[in-house]
Structures are given as structure tokens and as C-alpha cells.
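I'd like to ask some things about the structure below.
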Amino acid sequence: MIPFRKAQSCAVHVSGGEFNCAANLSDGFGMRTAIATAMVKYPIGELIAGQVRAMGVTPHYKMFDHDGVHGPNMAAVYSDRGFGVRGPVVFYNRSNEAAARLKPGDFDWNSIFGAGVRWFHSGGIFAALSETTAELIIEAMRQARNHGAVVSFDLNYREKLWTASGGLSRAQSVLGRIVDNVDVLVGNEEDLQKGLGIRGPQVAAKSKLDPSAFFGMMEDVLAKYQNMKVVATTLREVHSTNRHTWGAVAWVSGQTFVSPTCELEVYDRVGGGDGFASGFFYGLMSGESPEQAVRLGWAHGALLTTFPGDTTMASLDQVRAFAQGGSARIQR
Amino acid sequence: MIPFRKAQSCAVHVSGGEFNCAANLSDGFGMRTAIATAMVKYPIGELIAGQVRAMGVTPHYKMFDHDGVHGPNMAAVYSDRGFGVRGPVVFYNRSNEAAARLKPGDFDWNSIFGAGVRWFHSGGIFAALSETTAELIIEAMRQARNHGAVVSFDLNYREKLWTASGGLSRAQSVLGRIVDNVDVLVGNEEDLQKGLGIRGPQVAAKSKLDPSAFFGMMEDVLAKYQNMKVVATTLREVHSTNRHTWGAVAWVSGQTFVSPTCELEVYDRVGGGDGFASGFFYGLMSGESPEQAVRLGWAHGALLTTFPGDTTMASLDQVRAFAQGGSARIQR
Amino acid sequence: MIPFRKAQSCAVHVSGGEFNCAANLSDGFGMRTAIATAMVKYPIGELIAGQVRAMGVTPHYKMFDHDGVHGPNMAAVYSDRGFGVRGPVVFYNRSNEAAARLKPGDFDWNSIFGAGVRWFHSGGIFAALSETTAELIIEAMRQARNHGAVVSFDLNYREKLWTASGGLSRAQSVLGRIVDNVDVLVGNEEDLQKGLGIRGPQVAAKSKLDPSAFFGMMEDVLAKYQNMKVVATTLREVHSTNRHTWGAVAWVSGQTFVSPTCELEVYDRVGGGDGFASGFFYGLMSGESPEQAVRLGWAHGALLTTFPGDTTMASLDQVRAFAQGGSARIQR
Amino acid sequence: MIPFRKAQSCAVHVSGGEFNCAANLSDGFGMRTAIATAMVKYPIGELIAGQVRAMGVTPHYKMFDHDGVHGPNMAAVYSDRGFGVRGPVVFYNRSNEAAARLKPGDFDWNSIFGAGVRWFHSGGIFAALSETTAELIIEAMRQARNHGAVVSFDLNYREKLWTASGGLSRAQSVLGRIVDNVDVLVGNEEDLQKGLGIRGPQVAAKSKLDPSAFFGMMEDVLAKYQNMKVVATTLREVHSTNRHTWGAVAWVSGQTFVSPTCELEVYDRVGGGDGFASGFFYGLMSGESPEQAVRLGWAHGALLTTFPGDTTMASLDQVRAFAQGGSARIQR
Amino acid sequence: MIPFRKAQSCAVHVSGGEFNCAANLSDGFGMRTAIATAMVKYPIGELIAGQVRAMGVTPHYKMFDHDGVHGPNMAAVYSDRGFGVRGPVVFYNRSNEAAARLKPGDFDWNSIFGAGVRWFHSGGIFAALSETTAELIIEAMRQARNHGAVVSFDLNYREKLWTASGGLSRAQSVLGRIVDNVDVLVGNEEDLQKGLGIRGPQVAAKSKLDPSAFFGMMEDVLAKYQNMKVVATTLREVHSTNRHTWGAVAWVSGQTFVSPTCELEVYDRVGGGDGFASGFFYGLMSGESPEQAVRLGWAHGALLTTFPGDTTMASLDQVRAFAQGGSARIQR
Amino acid sequence: MIPFRKAQSCAVHVSGGEFNCAANLSDGFGMRTAIATAMVKYPIGELIAGQVRAMGVTPHYKMFDHDGVHGPNMAAVYSDRGFGVRGPVVFYNRSNEAAARLKPGDFDWNSIFGAGVRWFHSGGIFAALSETTAELIIEAMRQARNHGAVVSFDLNYREKLWTASGGLSRAQSVLGRIVDNVDVLVGNEEDLQKGLGIRGPQVAAKSKLDPSAFFGMMEDVLAKYQNMKVVATTLREVHSTNRHTWGAVAWVSGQTFVSPTCELEVYDRVGGGDGFASGFFYGLMSGESPEQAVRLGWAHGALLTTFPGDTTMASLDQVRAFAQGGSARIQR
């Protein structure tokens, strides 16, 4: 309830698009997952490493020493959940961030992927950190493809970050080069327009929940990225910070799939998008139909907004029950 | 907000259908009430006894020693309130439960009831604990009737408990024998069907709030239990864990009474049913009309869902004001 | 969630209509503000003085010694926020209150106002404390006018307080003498009727949000107080303790201005009225149009109900964005 | 850790010398106890009544209505536990206190004591509240004696209170008249000197724990109050707010009894004196030797300083074990 | 501060002698560890499994289904930390405990140990659970020896548990059979006397910190268990619940090693013994001298008592610094 | 109790040597104080500005915009209080810190000091931030002297910071140039040796509390800084994180002054040194004798370690009472 400017204490959460997906797939869906990232040897690093471990994610860390004063640092994200008519607020301290120093060659992908990788995922926030992080993503995607993995990317277009690293034109150039290597793309209309320069919807959507505008952009996506197999996104109408209407859609090899919609009472909206992505990927990886994969992603993202923090506290049984149309009736 | 599987702390509440009614009638409605139950000499027992006393309920305890390791134990109920689209979850550790050892002869009913008992109440959870608890209920009901008390019973059909003690047919046989002694029965359509084997509604209800299906079952109830005077239940439509529509109804000697309905913002739904029962019993005992009794039960149950824990924090003034159509406007 | 009668701890907030406005204008809107009030030399006084300072309000204190036993005391207001169908409850311990001893002559208005006062504000709760407080308000208003300040007053009619200090007729007589000195009056229909004896609306409003009844009373207000320039109020429909529909209106020199309405999820309703008043005064003082002033007051009052406590935690940017039709979408 | 002047929340406890003894004897020692006191019909009164009930104390209330504004009120005691070199601080708001209105005739002592009273206890704080409270104590003591009860009184001399109600000479006159009716007196050297005008110790004690000075005053006590049977007190050396050395002594019909001493880590010192008194009274009432009674009082007072609040959370087993020389070794 | 009988909430910790050692060695000392134990499919099981994972311990679970009512259950340990003169209290609900059902054959030791086990550890609490758990320990110890592992056992004699499973003579018979397979034994004088029937010290120790009595028992231990290589224990003098003097000693192949002693301010004493054992094992496994191993165990056990919960929050650097004589001076 | 590596939440405090002194002198001692520093326009800056205001310190801010991603930032200090044998740990994120950009010319000293400055204070942490901060300190000191102010400096030698900005030789050169402008120097033996290159004590001190070694260095200090009028420091022996022995000393124009010593139970040691400095400065500024000034500083520093956070919660009355030898006895 208390905004950051009046805070006297704050809760500590570990988050990040790639980590959230890996953590959700491990802790909530029971899959084996790993992350490759930067880790700094200092108490904040230990705290983060502890949470990575707690969520069952295997770490591959490029280690950095901290000088006790200036870093390099693990990025700090400050967020205030908001309430009612007051929206959530998020800002960063990414100064001298260790992750921005990551570059091609830092990880032994052959060894990491050699154990039998099936899926590789990254996103637009990490891509925006520095010149080298985007190249690292491309390096990893190519190697992952060589090992037979599906490659996914969440555009997650953040204007502030790209402004700080070259602006819109650099964003589109960098993201375009990345998306050339991608099978499964996650992003909403705005991500597609701003991040990839795709033309906006030609027809106005009737509502935030109407998928026709999003699907109408697929032709242009395909024209630019002929090998794209899947494009998916959540649809969210924000009535207030605590009440959203929630849906999800996917275009899969020319076919379109639309989840049910539901009314959400939102405790913490951050992480809902990664919740969708991880549930959707789980469905695709575990042999579910695209329709069921969209439903699982939709259900998991919905449940995720009822927990504090950005990673899952749901169980697979809960996700499946909600995807099947489960209600909030008491279980006893 | 945090589900049990991620919990780092938990709140301690004392609950139980019979205790909840006694506690509500004492603390909220100012009546003199007592319970007869099992009590174990160990810190959890002391904690429970303290809360019994705090709610103003006179205890009649059959005492058990705890061996420090295996029990006998006071039952533990674990519950997670859920949030929004995520439903509440309740489960038990009733292993080696002291209460299951209670049996006819354990209490001196003459002395307990001799002081002038006006009402006796029990319920289906206690009935399901063991072979002897059902017999104890019947013994107590007969003695209570001899002392001129009204006898009520809340079916509270819990499939898990009956599965563990003999299944559906035993449930119906046991509950049927109990209900033969009952004047006032509390239970919804499902309780009547599963617990007593009454035929389900012949016409589908238009909604969860439509009382016609429930009232339609009364003929069959009366056929089986000719002396039944009152059958009552709450009606609840669960939009989400935190938003319910709430009503209550009673069949009283052939007449039907229906409360208003209201939209509830639910903080903790558990205890709402006992909240209705206790308010309703209060109305009947204090000479209110059946219509007003239903309203008092409905109002009290509604208020109870706005508090943590399963017992009341409302005052009689608040209950009366809400029953009269009171609003949530500020009182100052 | 826990009502006062079951409380085991309570949060401490500093509040008061005049202080709330001064604190909001300072902390939220960046203006220089001051209060003149009673202060007792004891830890509760120090606590209050600390919060006055923390909100950036310059204090002018008439100091009192506390005898350690009976006072004089700073007033205590006990409030329970309520939840859902359960309304908030507020009551006082104003026995031997230092503020009630304040009287004309206690403050050196020339020195206080001499630094360039632009606005003076008081309200009906302070007016009701004792015979001398009303006289002090009138003294201060006259001096403020002499220094060229706008004079405002919030009727805030509280029946309990006036009953304790002379009843309805004394209230109307006292408040009438005060309002003779006022340029900007804050109060809803009930305040105008009970506090000033203005005739009630001649036509029933269609809803609590319909401003026509309120505006319909302006003719009578003007008849009685020919120099009145502005009369403003909030409009609030209380669906439940946590859900209100919220609007605000002002009559300014014969013209009427109506804010948009919005659905509020209310965390703590107390302070919303002062939130409106302070935002509205800010608009008028900073050269905004009356329309925009009403919107700023409306927006600020809405945001204030999303914070704990009675004073603002909002920033001017947030208020402006919401007044412009801002949504609860995440800012990142 | 946070002093009152910086507090943002406070814990709510129910306390009072007579209540603390009654509550300790009931909750900790399993005896039947009652209090006769003032009770105000408002939420703070309900909160207090709830705690009286929770501690198992039978209430005899003289009821008062609260006007919502000025009272009459239940007294508020503000206390800050201090830490280390920083001492605890306690102050009151006793303005318009309901208890001060209590007077002879307010209680039906015949009915209260008729059920078989064995012990009556009161103390110097209640005696200081007003002219009528001292008379009420004397009335009750006489009636209690008539019913064969032991009568005890804890001098608890508080300078601030007596200053507010007539000063030292009135204190000594009032307390002297009360003590004329007393069998068992609780008070330290300072209480005896200031409250009763007994000459101070003629020989300096070697330390705060040396009982000789206290015992040296007994001759003078006996000279003044020939019927006095028992005088007892705790001995406490305060090394810091959190570290005390703790002992207790009693003079019983000419014999002296001294407890062991122990080093206390003090969580909350308030209530330790009542803790001693109640344990000591328990010992006397339950047929223990005076030596064992002193030890039980000493042990219970020591344990009480390890709990928050002013009333006991100890069990009789714990008290007995500590009185027998029990250590802080783990019990498992 | 609040004892169990007055608790309104409780913290949830995962504990157990074998788990604590595995968790400490993994999280604090950076070693690869695993546990073999029972796990129940229900939310408490998930919570425990999450904490096992969070501490970096590889689980080998024998899975059990929970019937929702009676179990089988994960054991519940209730503990109250005590304060000052009030000692800690621990008690159990081990009714229908899943772990007690574990038996020889439940784990595929070849596969578990085949990956290169260096050390196997178990303890007397698990041994006492049932007839089959002791046999399972012996089975595992034999297999571990076959794989070349060091075998250790912590006697942890708990009278209550053995009373419930056959009494002292069965305890000594069972523990004797287990210890026949042990290289490294952990236990204090009382454990050796009660658990193994070793004669008590022939000469009284000068204090709880004097190791001569413990070392004096080694001859008898060796007479009974000729192959014993190491016997170690902590020495603890309990001044109060929060102040202990702390030391540790080991007999290693005929030589004796004694740690320094230090004054502990104890936050939570439970887990200190496992803290010693794990630090001591780490020293032995990592090639430190026995002297340094004792110091590492002593230092780690000391640090562990400064954290809540029973498992480590220390880092290896902290342990090494304290073992080298590090002080509590601030690090900045 | 929980170290940073396991933290799930953290408290937010505003600190800094110069701010702490200004805040203590304002909030605790009732003086008018101001700070000149860097302020960033983002929520963390607003939070800090709020706390500056809450402590009554007039701000002179050089404002910086934050880009939402990289800064410039307000410095973050992470600290873990430790417990018992576990020492406190402090580390920073000072990357891209706004304060390091401050440089001569940034503040209008004439206007700031023109209002009648009596004292100027800075310290070695700010001096170490960058090349320009040291120059800014010298600029300010010269101007302060021109306005007749006393100039003080707290060496606060932090090795990590100087290592990051040029090492020991640069530290000594920079600090030496600063101290040339200083009247009152605060620093212990180690600060004098490392920060100023003064020869260490020629005779070993008998204990940490023995002031002779410190006073023995004064000759060398005076040889290097002939105009030095006062050198002062605290003396602290750390028995454990929570138990220190505490003293303070000052050399004033050739005379030496030594405070009493006391045993501290430490809640949070950080801020104790600034607590001494501010109390000592208060004494000197308010015309107390040097002896009394040392006592006031010593008393205030002692009290400060009993509060959370780095700034005072004490009142002048408390400080004076403790300086006079006040005890921790209860005040009521």
C-alpha cells in the first residue's frame, strides 16, 4: 500500500525474464531448467544464487568480483505494486551491471547444451543491456539450434532501456537480427511495432481483449521472418491495478488459438507475462495441443498474479485445474 | 497471499463447527454457551483451551495425556485462504486424534444439561471421526431432548472424512440415525443428497442463489424425518475467492424464508457457514420471527467472512444493523 | 481486518482536517504551509510534532505541560478501517484536550501571516471543540482577510461533537458566524443542511453521484452568505467499504464544475475529503481553471484512499496524470 | 527498540495491579478469581473485557456509557520498554477515567463475596485515583474480612498520581487508613517510607539485594499496624534495562524468608512485581510454607519478565520447576 | 518471546539431524550432499522438499500418498525458543509418521552411493522412530562402507522417543548394533551413558566445559567399539537461554583435541550440535588437521546459534574467520 | 538476526556521516542545521529528502536527473547488524553516485553561510568519493572560516573507499590538505595513523578503553597541524556484537578529558560515532565545559546504539540524564 517514496522497508525478490521462465518451469511444472548469467561474489549475489537454487534452476555463472564500493553489481529493480487507481511503478539501478559485461565466448555452450537441451529462451531486456549482450544471445541461439533446441524470445520492449543504449533504430536492428534465429516469439502489438518495426493493426480492435488486431499483424511478421513458427501474447485489460481482464492468444503455423478470458483480482501483476510464456512453453514441450498450451499459459499467468514476487508458487495440478475451467471454490 | 507450499510462517486459529457456534453465540451474541470435547494436556491443548476461554465458552473436557511423541493429539487443520482465481485449500492431520476416542459415557450429561440447557448442537465432521463419536452424538442428543433442549445438527458433509471411516453408505446410515433426533437441520442441497441420501432437486435452479431447488427437496426430507421442524442453509455464488454473492434460506414448519442477498468481499471464507448457523440459532432462541432469524444468520455469516479466523469478531449491534439493511458507510 | 474490539496492536497516524490539508499541500504539492495549534510537552506531542515536521509543515505551537496523569492531552482518534460489508468505525478520546483550550489571543497572527499568507483554512471539528475555538477561528479568519488571504472552511459536521458542545442550534449559530468570513466553503448536502440550516434539496438526486441536488442548494447558500465565492464537495457512492464510486463538484461564482467519476478500490477512506480539498485549493492557488482545480482535487482524493493514513503519499506528477485521465497501467 | 516519540505502531495490552494478580492466579495458577471494576461501553471497553475473559477472570463491572467524544474512558497507559542503557518510560492518560468514579455502594459485596471468597487484594494506584476509590477499597476490605478472607494490599507508591490527588500527606493518611485493614502488605522500602511514613532503614544496605535494611523496618511497621501478618517485597538491582539481579523476601509473623537470587535477562520488566505478588499469594493460599511461597513468587516474577505484556504466560509447572532451582536447559 | 501456549502465529522451519548436516555442508561449506528419506505428496511435503532444494541438498525420496485426513504425515516438531531464565521447549507430533515406515530395501543404495560417496551420516532420532528405521540405518551403513565412505552417527539420545519405542534396554541394543558400523561418533557424556551403556565419568568434571570427564570415558568406548576412530562432542554451559559458554572436543585415534571456548549470545540454540558436526565433518573431509576440524565445527556451531532456524546462514569465510579467532568487530 | 545472504526483506534507513550529525543536532538537540549535498529526482531521492525533512534538517540540494536505468544514483549502503559472535557487515553500491559529481562551485556558500553559520562539519567518506569532493570540502571549509564558523572533520578512514580512489598515499595527501583547515578533528588512533600518517602510539595501551595511547599521539598531531584546537574520539571494546564497553575522550587545547565508561547492550552499532560527535559538538556550541561536552557526546552515542537506524531517537533530557550518571531504572 505504501509507495516507494514513503517506504520504510522493502521485500526482496529475485527476478528477470529468463530466470522467471526457468524458475516457473522447474518449480511449478517439474522440468529440468538452467540459466547462463553473470554472478557477482558478494552478499547480494549469494542471495540471488540462493533463490536460483531454491527454484531448482541449474546455474551456469560467469563470476565477477565486487570491489565493495562500485561493483560490478547485480541489477536492482525497484517496484511498487500500486493499488486501485494508482498504478505500479518500476525503475532500475543498472549502473555498472555485471550482466552487461557478458559477451560471446563467456559460456561453453557445447557443454551446457550437450546434455540434451530442448528449448532455449531469452528476451529483450537482456538484449538491451549492452552491445555484447545482444551478440551473446545470437551466439547462444545459433548453438542451441545446432543442438536441436527450439529457440524462443520475448520482445519485452522497454523504451527506457533502449533509449539508454542507442534508441529505437538500434533496437529494431538488434532485435531483428535476434529474431532471425527465433522459432517462438512472445510479444504484444506494441512490442511488434516498436521492437521489430512491424506495421500496426490496420483495423482498430474492439477491445484490449479482441485478438483480431494482433492476428492481423501476423502476415507482416511472416513476411519479415519466414521461418517463424509461433507468435504468442497475453491480452490484458486493466480496469484498475487490482482488477484486470485476462486472456492469451497464439498464432501457430498459420492457425490461431484463443484462450478463455477471466476476471483477475491482481495481487502483483509483475511476472504474469513470464507466467504465460512458461506455461505455454510447457504445453508445447510436453506434447499438448497448441490450444491446450495456450490455456496452460493463460491459466498459469493468471495464477501468478495472485502471488507476491515474479516467480510461481502454483503447482501443476492447480494450473491444469484452472486451465480446465476450475473455479475458486474451496478444496477440502 | 502465500500458498502453503511456500509458507514461512502461519497464523494459529482455533476452530471446529461446534466450537465456532458456541464461541459466536457467546462472544458475539452474549449468550451462555458450553462445549463438551476432548482436551490433551500439552501446549497445543493449553493454547486451544485459552481460546475457548477467551471466547467465553464454558468447557467440559475429557482429558488425555500426550506422550510427547505420538499423541493423542488435538487435530490440526491446515488452510490457505487463496486469492482471486486461486481457491482456498484445506487439509488435515487427524492422525491419533483425541476427539476420535470420545465415546458414550465420557460426559456426565445430567450434570452438564441439568443447569438448564436450551439448545444442543453438533455436526457431521465430529460424527465422521470414529465409530464412537457418532454414538456419543446420539447419546447427547437424546439426553438433551430429555432436558427439553432444541437439538440441531449441521450435516457438513466432507467426502474425505467419510471415505476414511467407511464411505458413503456408512455416512448415510450414521447420519440418518443422528438426524432422527434432530429438530433443526443445517445443510445445503449437496449435504442432503450425499449425507442423507435425499433425492436431488427435480428442477434445475436458475442460479446458486435461487432457493427453489433447495425448498423442492423439503418434501423428501419431511418424508424421511417427520419430526423435522427447521431446515436451513446458506446460498453462495463464488465469483472469485474474494467475491461471493451471499444469501440464506430456511424452511420452518412448512413455511419458507429467504434473506436478502448481498455482494461479499471475502477476507476469509471459512467460518461463514457456522456464522450463519449461530446467528440463526440466536434469532430462534431469542424469540425473533423466523424471517428475522434468517436475516440475523445471513448478516452474521456475511460479517464473519470479513474477519481472519473462523469465529466472530462482530458485535450484536453490528449484526442487527446489517440485518436491517445497514450499509458500509463510515460510523463516526 | 481486525476490528478494534479484538485488536492486539494498532498503527499510529497523525491526522486532523487542517493538518491534513497543510501536509498534503506541502508534501504532495510542494507548497509552503504552516499550522497553528496546541502542542503538549510529552512523548505523544513529540511524536505528532515529528510527523508535522516530516510532512514539511511549519508549526506555530501554543505549548502546554502534561502532568503525567490527566493531561492536558493531544486528542486520540481510534479508527478501524472495516472491510467489505463491514463499515469503518471512528471514535475519540478528547477528554481534557489541549486544543479545546485554544482561544483568541493565543497566536500572534500578525507575525504568522505577515510573511505573506495566501490562504487560510479551518474546519468544523476544531470549531466544535469548545466555546473558545470557534472564536479563535473567527479571529484568525478576520486577520487572514486583512492580510489578503483567501479564507476557506470545511463544515465537516459531526453530530457527536456538537451534541457534546451545545447541540444543533449552537452548531448552526457558531458555524454561521464563521462562514460569514469565508470565501471557499467545503461541505456536502448534509453538512449544509445540518451545519448551516440550509434547506435540503428540493428534488431528489438520481444517485449519490448526481450533482443536481447539491447545486440546487446554492441559491439558498448565496442568499445567506452573499460573499461566498466557492462551494465544493466530493460525491461518493459507497458500494462497500472497499469499493466506492467517486466524484467531485464545485460551484464557483455561479458556474458549476463536475469532475469525471471513477471506481475506487479503497484501502483507507479517511482523509479522502481533505485530499480533495487540498488538491482543489492547490489548483485554485496555482492559477488553474476551476475545472482543472476540481479535477486535481478529485484525482488527489482518489489517490489518497489508496494509502494508509490520512495524509498524502502521492506526488504531484501522479495527481496530474490521474486528473488527465491516467490509468492504472504499469509505469516502467 | 523504538521509543514512543518515533513510534509508528504500538502493541495493545490490558493491565492493572489488581487485574494482573487475578489474571496470573487464574491463567497461570489455575485458581478461580474475579475483579470488581469500572467498564465503559465502547470498543476499548470490549477489548479490555475480552482480555479479562481470556485470562479466566470473572468480572463484576459497574457499567458506564461513553459519549463518543469525552468519555468516561478506560485509562490509557503508554509504555516504552527501553533497551540497554535506555530505561523504560511510562505515562498515562487518566483524564475522565471511569474507574475514578467508583465509590462505596457501587458493588454488592455480599453477593460477590458470598460465594466463598478466600482472598481480597487491591493496591495503591487505584487508591490514588480519587477520593471515592480509597473509600471503596476500605469498604470492600471490611466486607471481605467479614467473609473470612485474607486482605492484601500492594502500596505501589506512584508520586505523580498522589501529586495529582493531594500530595504526600494525603497519601499517607489515605494509605494508612487502608493498611489498618490489611493482613498482607506488599511494598519495598521506598513504598513503606513514602506511602506509610515509616522511618527509612537505619543501616545502609550493602546492595539492592541485601534484605537487612528492609527487615530492619519491620519493627516500625508492626508498631503502627499491630495486626500485620505478612510484609513482602521484591529486591531488584538494575544493571541495565535488560539485565537485572532479582530476589524476593517476606516477613511472616516475625520470621524472615529470603528467596535465592538470579540474573534476569529482562524482556519487559513491567508486571514483575505483580508476578511476585500473585505467585506468593498462591503459595500462601495453597498451603505451601512461607519459604516456598516466597520462592514461588520469586520464580513467577522472574518468568514474567521474559514475556511481553504485564500478565503471565507461564504455567504452574514452569513456575514450580524454576522455584526448585530449575535451569534454562532445553526441555525435549 | 511468546510461549507456545499463547502463540498466535508460528514460523515454519525444516529440520532434522541428518538434513541439517547435509544442508549445512551444502549451503555453508559448498559441498555436494544428498539425503534419503520419506516424502509425502501434500503441501507440507512440498514445503519441505522446497527447503531441501533451497539448501542445495539432492533428495532421494521414498514417496507416500497422504489421504487428506490421517496421513501418513511428515513429523511436526513444535519448539519455543524460550528467553533468559525460561528454557526452550520442544515437543512432537510424530503420529503416523511416514519416516517411521522406511525399511531396508526402500532405497537403491548402489545407485545412490555409486556416484562416489565419501561420507554417510545418520543419528539416534531416526533410529528411534520404528523397528525398521534402525535396520535401514544398518543396511545403509554397510553399503556405504562397501563404497569406501566414512560412516558417522550422532547418538542424540532422546528419552521420550525411546520410551515410546521400547525403552532404555532396546535403545542400547539397537544403538549398539548401529555403532558397530561407525567410524565417527558424535555424542556427549549423557548420550554415551544412556545410549550405549558406557560407564559414566569416574571423576567429576570441574565444569561443563572441562573435557576430562568426557575423555575419561574413551577407554570404555574403545573397549566396546574397537574400530572407533573419532568421538566428538560439544561442551556447553547454559547460563541462561540466551547466554552459553561454548566449546567442542574430539578424541581422534587416541589423541585429544580441544577447541577454544567463547561466550555465546544465543538467538536459537537448536541446531548448534548439528552445526558443530557438519563443520567438524567438513574439516575432516577437506584435509584439515583434527585440531582445525574441531575449531571449524566449534566456530560453525557458535555462528549457527545466532540465526533463526536449525540450518546454517553462515558462509565458509565467516566460519574460517571465527575459527581463526575472529571477533565481532564490524566489517566495512 | 538474518544475514544479508538469506534476507527476504530489508529495512530502509537514510544515513551518512554529515547528515547523521545534522539530523541528531536538529531532532535530538533542538538546533537549526542544514546539509549541502546531491539529490537525484527519482523515488529513492524523494524518500531520502523526506527523511532529511523529517529530521528537521534544511536541505541545500544540487539536483540531478535520473535516466531510469543507470543513474546517477543515491548511494546504497547494505548493512547487516550481526548478532553475538557474528559481527556486522557493511558494503556499498556507489556506482555512478551523484554525490561523487559534486565539485567546487556547486553551492552558493555565501548565501548558505550568510544566515549566520556557527559550525561546519564534513568527513572522510565524502572526501574519498572523487577528486572533486575533496576540493569541495576545502572550498566550503575556507568559506565557513571566513564566516566565523568552527570547522570540524571526522576522518572516518575507510580502506575500501580510498583503495578505489587512489590508495593510501592519495588519502593522506588529500586528508592532510583538508585537515589544514580544521579546528576540531574526530578520529581514533587508526584514523590518525592511516588517514594522516601520524606515528602510532609509542606505548601499548592497557586496553581498548585506555586513553593514554591516543593522547600520546597528540604531540605529533599538533606538530603537523599547529592550529588544531580539539581532537576527540570514542573508545570501544567489542565483547560481542551486542555487548561493548564504551567511552569517549577529547584533547582540548592541551588538556585531556575522559568520559565515564559504561557497558552497552548494542541494538545497532552503526551511528554511534556520529552520535558521539553530534553530542560533543552540541556541548561545545552550547557553552558547556569540555568535560561536559565529552560526557554529552558519550551519553548520546551510547543511547544511539539502542535504536535502529543511524540517527537519533533520543531526547535532550534523556541525554543529559544519562550524562549525569542516570540509570536504566524505570521512569513512571
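Every chain is named by a letter (A, B, C, D, E and F) in the order it is written, and numbering of its residues begins at 1.
Just so we're on the same page, contacts are C-beta pairs under 8 Å (C-beta built on N, C-alpha and C of every residue); 3 or more make two chains touch, one makes a residue touch a chain.
The structure presented is a predicted model; accordingly, all values stated were derived computationally and were not measured.
Common neighbours of subunit A and subunit D (chains touching each): B, C, E, F.
Separation of subunit D from subunit F in touch steps, taking the shortest path, is 1. For subunit C, the chain whose average C-alpha position is most distant is E.
For subunit F, the chain whose average C-alpha position is most distant is B. Centroid to centroid, with C-alpha atoms defining each point, subunit A and subunit C lie 46 Å apart. The set of subunit F residues touching two or more other chains comprises 3, 5-6, 8, 46, 50, 89, 91, 160, 315. Interface note: chains touch in the pairs A-B, A-C, A-E, A-F, B-C, B-D, B-E, C-D, C-F, D-E, D-F, E-F.
Residue ranges on subunit E touching subunit A, taken from their complex, read 27, 46, 50, 53-54, 56, 315. Remark: subunit D residues 262-267, 302-303, 305-308, 313-315, 318, 322, 326-332 touch subunit E in the complex.
Put simply, subunit C touches subunit B in their complex at residues 1-3, 5-6, 82-91, 158, 160, 238-243, 269-270.
Subunit D meets subunit C in the complex at residues 3-12, 42-44, 46-47, 50, 66-71, 73, 76, 78, 80, 89, 91-96, 160-161, 163-164.
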